[in-house]
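In the two assemblies presented below, chain A is common to both, partnered first by chain B and then by chain C.
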Partner chain A sequence: MIKLLQVLLDGVLVGLVYGLIAISFVVIYRASRIVNLAQGEVLVVGALLFWTFTLGLQAAGLPVPLVVALLLTGAACVAFGLLLERFVFRPLIGQPAFAIFMASIALLVMLRGFAQLIWTAETRPFPQVLPSGAIEIGPLLMTSRLAIGAAFTVALTIGLHLFFTRSRRGLRLAAVAEDHNTALSLGVSVRSAIAIAWVLGTIVATCGAIVLLSGRIISLDVATIGFKALPVALLGGLESIRGAPLAGALIGIGEALAMAYLDPLTNGVASNVLPFAVMIAVVLIRPQGLFGWKRIERL
Partner chain B sequence: MGLTLTNVDVVYGGVIQVLRSANIEVPDGQVVVLLGSNGAGKTTLLRSVSGLLAAELGRVTAGEIRLDGHDLTNADPTAVFGRGVVQVLEGRKVLEHLTVEQNLRIGAHRRSDQKAVKRDLDRVFAYFPRLPELLGRTAGYLSGGEMQMLLLGRALMAQPRLLLLDEPSMGLAPKLVSQLFEVIGRINREEGLTVLIVEQNARAAIRVCHYGYVMEGGRIVLHGSREQLEKNQDVQEFYLGLSLSEERRNFRDVKHYRRRKRWLG
Partner chain C sequence: MLPTGVLFETYSAEAGLLKTARARVAVAALVLALLAAPLATGAYLQGVATHMFITLIAVYGLHVTVGMAGQINIAQSAFVGVGAFATARLSEFGLPFFIVVPVAALVTGAVSVVFALPAARVKGFYLALTTFAAQVLFPIIVLGLPTSWLGGLVGLAVEPLTVAGRPMNTPTHMYYFTLALTLIASYAAFNLHRSRFGRALKAVRDNDVAAEVMGIDVLRHKIMAFFVGSMFAGVAGSCMAWVLQFVTVESFTLFTSVWYLGMLIVGGAYSPIGAILGVAFITLVQEGLHELGTAILRSGAQEAGGAIFAATNIALGACILIALIFEPRGLAHRWQVLKTGLQLWPFPHR
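On to the complex of A and B.
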């Protein structure tokens, strides 16, 4: 019984981190209708930037305080997000989904190459930002790194939801998410909305990287987390901020259960396959996901 | 002052000319209607004013568009909106997954004076008494008439200086159409709002207008005051569906054909 509870708790916590990365997909998709398959690579680049401003500068003899490093990383993410938007995806707005799909695969390979070129392929330790160790709740253990990450995901979700539904700036982005032409007719600048979305998406992905990697090892392979977050974004609904953490928790629980009870029988395959089985099921049964926008058909 | 279009040509994609030397004047405080059949270039003319042409690869290649003396030729849509020109697109483009309230608030997204926004909201509710009951509803599930009210309300929330309406009557029941135009007329009379309406439903639109233009094949072929349009034989016959006499007319009537041909010239 305790084991089951522990499995569920772990699943929820890990799932919420997936949810955090799924939010970065959702924010970008809402504004630009683009599913960026290279989001995992974007996350790795964000993580490597953070490494550069912390341990990298330290190794070069110029250590800066953590706050400054975070600010520098934030600024670099803004520049990186704008770069991606301006030179890769803006020219593709309105193009068929297939063209965007191919471009994001090309971007995936290119980012991997550039990252290898700039930072080399070696694995390196990631700075310890969040406390290590675990919090004990009765007989259960909660990794404090993941617990903080989960709390951050929930707070970010509530914050973004309020932002998109209440504030004037957020409503502008919501209008762009609905329809570019209508948004233009209401005097909303679609271009700047999309740029904001890419910046936001890059920053959120980097936050995900920090939660995920704090005190652990970073290598280019970490990018596969992007593919894990994709089923989460689909299940939650590509337009829905709220859906992302919920779907993340569901998939996290499923994965943890599979890991605990099915993996010993299947050589560890079950937990890896499960999220993608869910993805296919979502596409077949409910393409708009749990909370995504169903196209309103008027008969 | 108002809006003036002088010899405006519009070309799509660098090759397809849709507007040919259009001249239109919309004086302050008036309702001007633009009639014409499908493909006459009415929507293109509206888009050339609101700056939405660029989104469809169109450009004003000659002539100029001025509002109160400011040049709006090929201006950015956000800049045109900033001058108080608000276009209500055809096809009832509500933001369908947002609530009615959010739709109304987005009309006022550029305004920071929340008190004035609240006042305008009450004003919109006075014109459309159904809207307050619908505030929490998802806009995409409203009926056609309710959507049109919401769209007009949303446009009013932007404090327009000039309202551009693209076929507001499309797909509405005749009773709703006359109610809608009645409200448009009231807003014009009570607030002095300048309105340019593109319509196929000539009968309803002519009734509220001060002045009207008729377009065919990208050209203005006829214009005049309401009284002149109502009296004009061609308008009566082609747009109002009235014939001159009670007796039956022959479809092959040469005169009809010639008159029509003269227009298309």
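On to the complex of A and C.
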């Protein structure tokens, strides 16, 4: 019983990290109708930027306080998002979805190349931002890094949800998510929407990287977490900010249960297959996800 | 477009694959040049060409699924892998290659149909996601299966290829073997455009509602597009298994799939010429940067050499982006413009 509860708790906490990364995915889709397969690479770039401003500057003999490093990282994320908007996605406004999808794939390859070129492929320690160790609740253990991350995810979800549904700018983004050409004809700036989308998406992905990696090792392979966030985003609904953490918790629980009870029987396959089996099931049964907009084109 | 003064007297002449004497001569010259090439080149270049032929077969398949039928497939590399593993298992029974290759192609096609079935419910990007799942699941499942089935982490050794009782073990042998299969695949890919099935696929791509109204079974054709495209992948997988003589999941990654798609986009997705141009162009860029990298490494600059290898990724990504933004019809369109210009010279317009 205790083991089951512990498994469930771990599942929820890890799942909320997936949810946080899925939010960065959803934010981009929700504001610009771009499905970004390169989200894992964006996360790695964000993490490497943060590393540069903390341990990197420290190694160069210019240590800066954590708050300044965070601000610098934020500024770099903004610059990164604006660059992507200007040079990759602005020329593709109004192009078919296939072109934009392929552009995100091209971006995946390019970002990996740039990360390798600028920071080289070596693994490096990630700065300890969140406290290590665990919190004890009765017989249960909770990793404090993940617990803080979970609280942050919930707060961020509420904030972003209010932004997208209450603020004037957020509502304009909904028009862009509906259709680029319609939004343009209504006088909504698709350019600024895409810029906002990428700036927000990069910042949220970097937050995800900090929660995920704090005090651990960073390498280019971390990008595969982006592929795990894809099923989460799809299950929650690509347009739903609030769906992402919930779907993350669900998939996290499923994965933890599969890992604890099925993996010993299946040679470790079950927990890895589960998110993608869920993804195929979602596409087959309810393509808009749990809370997405009902707009899926069917035959 | 045909040059001025070409007239056809029968329908079969007009519907032919190579319409003019000039086209026939050009293709014959190309085939002869490819047949004669091993006389003048070393083992390294033959190896590069063999690899290029295999890639071309896989990209032809992608051209059918993505270019002709408009269904995004980001699992082509996994399907090549299915063909390679099927070949490795089949070769253990001592079957001749002309049975192994078609069976491997059919097995690959059957596997792809499983991931094409969601086409009954969704289209576009959501369908792309199921192929994405196929690509991610492929290594997980191969590694998870018992080692005696597909070799697990170690991989499977492939029985060497024999043709008419003689072992094919030199690079030159493999060059000719893959060249023969590539010529057959090229014929199939070019011919598909002239067939009823090919025209039906293009109708589905351009407007599936209109296609349905015209009496085309849209769902069946979408699934068939995956099936046919993956059969090409299966043939490519067979070749790859025999060339590498050892198959592991590490040869069939998401990145390879992305490279295949990139080649198709850069070359132009809508014609088989695009597949040829794209594969040739990207292979040239890749090999060029690779050569540069090794040259720099030999000269002693370790770090710059590593940077060149990273630059290969950047170059590929940039090629795809530039093609998408500036020339969505790809190199094939540029080639067409160039050819028309030469045919009309010295007149600027028709």
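Note that the second predicted complex is superposed on the first by the 283 of 299 C-alpha atoms of A that agree within 3 Å, B and C clash if a C-alpha of one lies under 4 Å from a C-alpha of the other, contacts with A are read in each partner's own complex, and residues count from 1 in each chain.
The definition used in the following text is that a residue touches a chain if its C-beta (ideal position, glycine included) is under 8 Å from a C-beta of that chain, and two chains touch if they have at least 3 such contacts.
Only a predicted model underlies this, so the values are computations on that prediction, with no experimental measurement involved.
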First, second, both or neither for A:Leu184, with chain B first and chain C second: first
Chain A residues touched - chain C or chain B, whichever exceeds: C
Partner chain(s) touched by A:Pro287 [first = chain B, second = chain C, both, neither]: second
Which superposed partner A:Val88 touches (first chain B, second chain C, both, neither): second
Overlap of the chain B and chain C footprints on chain A, listed as residue numbers: 296
Chain A - residues contacting chain C, complex: 35, 37, 88, 91-92, 95, 97-99, 101-103, 105-114, 116-117, 120-121, 227, 230, 234, 266-269, 272-273, 276, 279-280, 283-284, 287, 296-299
Contact footprint of chain A on chain B as seen in their complex: 50, 52, 55, 77-78, 80-82, 86-89, 93, 95-98, 102, 105-110, 140-141, 154, 158
Chain B partner contacts - residues on chain A that touch it in the complex: 165, 168, 171-172, 174-175, 178-182, 184-189, 239, 293, 296
Sites on chain C touched by chain A in the complex: 70, 72, 74, 118-130, 132-133, 136-137, 140-141, 143-144, 146, 208, 218-219, 255, 258, 261-262, 265, 303, 306-307, 309-318, 320-321, 324-325, 328
